[in-house]
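We call the chains A, B and C, going by the order they appear; numbering starts again at 1 in every chain.
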Amino acid sequence: MTHPFPDATAAADTLALLRERTPLVQSLTNLVSANLLTNVLLAAGATNAVIDNPHEAGGFARVADAVLINLGTPHDEQAAAFTAAAESARAAGHPWVLDPVGVGGLPWRTDLAGGLLAHHPTAIRGNASEITALAGTAASGRGVDSASDAAESVPAARALLASTDVVSASGPVDHITGRTATGEITTVRVHGDSALLPKVTATGCSLGALSAAYLAVAPDPLTALVAAHAHFAVAAERAEPRSGGPGTFVPAFLDALAAVEPADLRAGARIDLAPTGRR
Amino acid sequence: MTHPFPDATAAADTLALLRERTPLVQSLTNLVSANLLTNVLLAAGATNAVIDNPHEAGGFARVADAVLINLGTPHDEQAAAFTAAAESARAAGHPWVLDPVGVGGLPWRTDLAGGLLAHHPTAIRGNASEITALAGTAASGRGVDSASDAAESVPAARALLASTDVVSASGPVDHITGRTATGEITTVRVHGDSALLPKVTATGCSLGALSAAYLAVAPDPLTALVAAHAHFAVAAERAEPRSGGPGTFVPAFLDALAAVEPADLRAGARIDLAPTGRR
Amino acid sequence: MTHPFPDATAAADTLALLRERTPLVQSLTNLVSANLLTNVLLAAGATNAVIDNPHEAGGFARVADAVLINLGTPHDEQAAAFTAAAESARAAGHPWVLDPVGVGGLPWRTDLAGGLLAHHPTAIRGNASEITALAGTAASGRGVDSASDAAESVPAARALLASTDVVSASGPVDHITGRTATGEITTVRVHGDSALLPKVTATGCSLGALSAAYLAVAPDPLTALVAAHAHFAVAAERAEPRSGGPGTFVPAFLDALAAVEPADLRAGARIDLAPTGRR
């Protein structure tokens, strides 16, 4: 018998909460993603403020409903702001998400990420190689964007649960590892997405921000991440046939994030337990 | 009898000047808005250069036709550049716009904004709560995006006329407070916009930049701001029916900013005096 | 008799190599262009990482297949990163592109660009006035975006061949100056583009990044730049009739960059020798 996990109904209910509460996310993010990520949050049903200077980042994290810290293009002032925001969010009991962009291959930010782990992010979202590197386990020498690689990062995700509540390795099939309502560690898969998503920059970063928004309203971190990824996947599936390529996909995807209703998630989200989740 | 104010014909005539002169705006702005804001200026009929480092910002403000200073995501170097650009624009007699993003809730930038006010911005554009906070009057505890709140910020806007020539509180109905050609203080309303504008990030920032472009060509600051807001509103109204949501709205809006001609403003701009303007 | 130069067939063959190898570009670029530039690379068939802090820029340039250094909106940390990345790319034998945005009118970055020239960029891409200024020749007092001006910058481009392998002055007709396979200095023209390109910001910056991607796969620098510019021009020509203005042009252009195949370049690229190339 498998233990219970957040399913399409749970995702739908959490989207309803998002639309009702319009949470405010504070994003500390990179210069490639800042615009798209904000539009994703607005379309989905949240709001965003990019407050990433060390004078204000800590104070604002006490006000924001959730915080995203994305290591995409850090400079020294932002690095100082990361620590201030993480400390402050943690102290205030607000959820925060770590998106460890590029961790593993780049030593400076790998150290930064290690330091941030000490402030216990509520969630970590990355691709398989980043999750693996962050866990300090051996990086595979292969590509990191295939479904099998996301599955292969699950042991690393489980190891990271010492430092966080939930870990997502996103890819063609997203693998989300955390604790169910009954306390069991499990890995939930969210299927869907579009083949065009990897052809558009900052979609992964935007999913990290959307995860922060859902953490502000969901009953628990695992449900939050599953709902965020299901919302993203259902919108991407809806946008793809309305697109003529990676360029027209972006506006269609934003339209779809706004148009998707709880009933669409209930009917269309494809969520199951990963084989690794049953080990 | 009401005093004269810039009407749809004045807005149309000013758009004709913009298209004839293609003013160069220097923008010091945030990482969320830099791309959209530049595309808005290019589509509308101006050009833009983001020069926001302290080595060059002051010198370039002597060359640019107008300057935008937007407090969205400042870091220390940009903060130094703000002051240099404001001083330099003022000394050269070039108009400059202050967009006090986030002022009120965030103390560091509120101090920055206070310091910049000493260099007498030609115009200030913000939402109602930012205008109210900048004026140092009591912030309302309510939301800041409703039409009534924009109207409520008019006393703050009038108080700010000690430090600037014209103040816009933009929202579903924009409220623009300044002096008419005959010297009377008045508040002009620009109606229109689209319900999708608040679902797209950086549209307010872009309106601040467009205001700077219009200041470079208009006969007076009040006419400049009214024309900029009318151009924006007419384009937004035209784009909305061509959009399927907030994503497809953006390209449609940029197309519309480029397509709108003086005759469209003359026929379609909805401009009147605010009730507060008649007190 | 004219000497041989990279023609439409060479451009097509190089696009096939790009699609086969998916080179990784490291971009150090401005806040206006970072998102579009990355999407251009992904759509065209490459990948991009913006690594622009001084802690990591040099190390990553030893890993990336090519590097773009764009002087659009530099701050002090980025300026330090520029030098580290240029040195490192040069030492590793990886191609790098210098995009001297704003050089000439702005003294600080003009000095920066001069210092970077000492690290022998593989290619320089700019508009005519930037190329002229970088060569230290007298800047013309006229506009810089007309076809005649691009032609007028050819003497400056030839002078720059002491410091680089190939120089592009892009505009309505791109002029690319470098050495043919037989060692002769020549100027190749790429015709096409769309009248909408100058109405969209960061398209020139994106062409610099695409040039870097092509340098990583092409048989020689002149062929790389000709192929990159031909890919860009054919995609722009295809996108224009699918656009309703500068806003809808962007997604249509990204779709077209992805859709263009080698056969389309072979049939549609319009490449010839410049009259100045025959002097």
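What we mean here is this: contacts are C-beta pairs under 8 Å (C-beta built on N, C-alpha and C of every residue); 3 or more make two chains touch, one makes a residue touch a chain.
Keep in mind it's a predicted model, so treat the numbers as computed, not measured.
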Type of subunit A:subunit B copy interface by residue overlap (half), same or different: different
Angle of the C-alpha superposing rotation, subunit B to subunit C, to the nearest 5 degrees: 120
Subunit A and subunit B, separation of their C-alpha mean positions in angstrom: 35
Contacts with 2+ other chains: residues of subunit B: 31, 35, 75, 250-251
In the complex, subunit B residues that touch subunit A: 30-33, 35-36, 72-76, 102, 105-109, 198-202, 243-251
Interface residues, subunit A side, partner subunit B - complex: 31, 34-35, 38-39, 42-43, 48-53, 55-56, 59-60, 63, 75, 77-78, 250-259
